[in-house]
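Order as written gives the chain letters A, B, C, D, E and F; numbering starts at 1 within each chain.
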Amino acid sequence: MSTVLPPKNPENDPRIKAVFDDIRTTRKTDFINNIWRYLAFDADLLERTWAEVKAVMATPSALDPQTKEMLYLAVSIINNCAYCVHSHTAGAKAKGMTQAQHAELLKIVALASKTNQLAVALQVPTDPEFLLEE
Amino acid sequence: MSTVLPPKNPENDPRIKAVFDDIRTTRKTDFINNIWRYLAFDADLLERTWAEVKAVMATPSALDPQTKEMLYLAVSIINNCAYCVHSHTAGAKAKGMTQAQHAELLKIVALASKTNQLAVALQVPTDPEFLLEE
Amino acid sequence: MSTVLPPKNPENDPRIKAVFDDIRTTRKTDFINNIWRYLAFDADLLERTWAEVKAVMATPSALDPQTKEMLYLAVSIINNCAYCVHSHTAGAKAKGMTQAQHAELLKIVALASKTNQLAVALQVPTDPEFLLEE
Amino acid sequence: MSTVLPPKNPENDPRIKAVFDDIRTTRKTDFINNIWRYLAFDADLLERTWAEVKAVMATPSALDPQTKEMLYLAVSIINNCAYCVHSHTAGAKAKGMTQAQHAELLKIVALASKTNQLAVALQVPTDPEFLLEE
Amino acid sequence: MSTVLPPKNPENDPRIKAVFDDIRTTRKTDFINNIWRYLAFDADLLERTWAEVKAVMATPSALDPQTKEMLYLAVSIINNCAYCVHSHTAGAKAKGMTQAQHAELLKIVALASKTNQLAVALQVPTDPEFLLEE
Amino acid sequence: MSTVLPPKNPENDPRIKAVFDDIRTTRKTDFINNIWRYLAFDADLLERTWAEVKAVMATPSALDPQTKEMLYLAVSIINNCAYCVHSHTAGAKAKGMTQAQHAELLKIVALASKTNQLAVALQVPTDPEFLLEE
């Protein structure tokens, strides 16, 4: 079903093993989900992608982990990535998203898509009030 | 620049005036931004769109107003609606989004788009662990 | 503003002149809109694109001209092509689209985008009833 | 396969039963397709979505039902919603779309996507002739 | 799974047979992949689509075949067409794309998507240096 | 026009100055284009983005620089980023893309978008021949 074959024994490669170990340590779980197993077809791509995910998503920052996962999920829905919609719905729930919050996220995503298309269809000019003053 | 002309004296139409009044009351401001002025070319479309925006975005709910605006902004970026990116960046700031949080939202949007495309390119199969049990 | 410069005297090139003449004859107007002037930077691209537009849009067929322009407009909105939204809003009006029909097209485009995103977000499985029997 | 579980006995909830009853009455069929069964995970989302679909798609208006379904289908194709492509291909056929019209819709969708991308790639400026005069 | 049924004995129709024969001759293989079998539900659509694919992709030109297939693959990833991602990954490999080049294509697609979204989110103005002088 | 204000004297910040210096050295030019001036509103975002662009685009690798820029441009067109279409058209030309190659890139992008939409509209099943054997 995939366009590359994931390595059969990925952790024989010390670069891949180091990334997988860091995923396990950072996430406090033994579960390595498929995106990492498939990215492992190229060690450099795997290392760089994980480094960025770890820095942005798994490091304390100006937004709380649940909000970050919900933003990731909203983007994944609009980009229409089925794998990502599954993994980040699970991720947002794991960070505390309730069913009511999930439903509300869906309402916002749906409403935003609707008004986005209306603004594009009408070619509405930007209000001067929204522009920044230098 | 737009594909419809907004009505010149929109509030002469009582249906439009009622919506504009409700926008002013709900948002506690005299500012009616352009999307509403252009949607006013069709009173039904204006009424329905505002009713939904009010219900989803301006009613206390399971998510706080800043998070809701940030989700709306993330969707607007991916849908590539310039008007909406401007209005919802302003909206999120008005609800409290700091510059650091803005930068972080951008990092998440950019990272999610990147991994979304990688998962699509690789056609990664969904892990059974992400599927719900009935 | 554009990424190629349109030829200054495009009709000096007989291949371009032949296309422009055919556009004028087919559409019964002297107006050659910009997309053709810019595509003229490559005569082959111009010829092939016009041949396809003529065959699909300017030849009597199973759908009436107004419906065809409205479908073209709907696609252009979702693909977010500002030039095309302008030209095909004008085109649909020229083929008879009323203001009420324009408003209705916008409602459908907005609603479809909304339910499209909901179905993606929920990963709704296709009903067996929708599948074709061989 | 989905990201939420549909309620097992949805019609035990009177709000959901009322929507399902209205779908059956409006469409004159006992078939409730999956999008409604999954949206039923949140009664408010179900009610609001159905109310809008009924108002826009199942109420006599300025466009005929077949044209409306074909516009919905065109948007669903570009938004790349597999579920929606299936359900609205079936819907358009049920409203009278012939195989020849289906093929023509596909030609328009494909051609529009092509010229949309060309106009974006060339950054073609909008002709003054397309702009509305105030 | 599809929205049209492919003809059962497509080559009984001489127009379809002519296209299939030309595909086999042009590609030097007996394999007719599914997109052609399904497009055969409308002979005109099949003929026109193949004629364009042959002219653009199977005719010696200013770009080498591998680069052309890689560009096709990059577009297919962003347009999120699963069928096309599979067929053009196979196509690019058949034209010589190595695993290292595949990984690099993925890095570029992912990086471009990331910076595309950042530029949209920031609404960065185009540098005058990028504009063409007339 | 933008949603953040670029710093007025960006190189007063040593982190920003280091990135700008590296851009100038790497590209052998004094020109710092706007995307970097606007990303400089957040030093971390600037540093990370440049590091990735430098690693992927400005380091000798399995693909030649012109092919890499053309892939970047193709993605930017489909993602519909006007800024990026301008900057990467310029970039590809600077790396050697001729006008004939530019026209051909456009033909491929347009054709791929067309067949992508047809495959989505038809929901064509993936041929077993395209699947990898384990």
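Criterion: contacts are C-beta pairs under 8 Å (C-beta built on N, C-alpha and C of every residue); 3 or more make two chains touch, one makes a residue touch a chain.
Everything numeric in this text was worked out from a predicted model, so none of it was measured.
> Which rotation angle, from 0 to 180°, best lines up the CA atoms of chain B with chain C, given as a multiple of 5?
Rotation angle between the two copies comes out at 120 degrees.
> Taking E-F as the reference interface, identify its repeat among A-B, B-C or B-E, namely the pair sharing over half of the contact pairs by residue number.
A-B
> Between chain pairs D-E and A-C, which one is joined by a greater number of C-beta pairs in contact?
Of D-E and A-C, more C-beta pairs in contact link A-C.
> Could you tell me the distance, in whole angstrom, between the mean C-alpha positions of chain C and chain F?
Computed from C-alpha means, the inter-chain centre distance equals 27 Å.
> Suppose each chain is reduced to the average of its Cα coordinates; what separation in Å results between chain C and chain D?
20
> Pull out every residue in chain F that's touching 2 or more other chains.
Residues 1-4, 45, 48-49, 52, 78-82, 85-86, 89, 100, 103, 106-107, 109-111, 113-118, 120-123, 131 of chain F touch two or more partner chains.
> For chain A, which residues count as touching chain E in their complex?
Chain A residues touching chain E: 3-4, 41-42, 44-45, 48-49, 79-81.
> Applying the document's contact rule, which stretches of chain B touch chain F when the two form their complex?
Touch list, chain B to chain F: 80, 85-86, 89, 99-100, 102-103, 106-107, 110.
> Looking at the complex, which residues from chain E come into contact with chain C?
1-5, 48, 52, 55, 131-132, 134
> In their shared complex, at which residues does chain C touch chain D?
Result: residues 1-4, 31, 33-35, 38-39, 45, 49, 52-53, 56-57, 61-63, 67-68, 70-72, 74-76, 78-79, 81-84, 86-90, 98, 100-101, 103-105, 107-109, 111-127, 129-131 of chain C touch chain D.
> What residues of chain E sit close enough to touch chain B in their complex?
The contact residues of chain E facing chain B are 77-78, 80, 82, 85-86, 106, 109-111, 113-118, 120-123.
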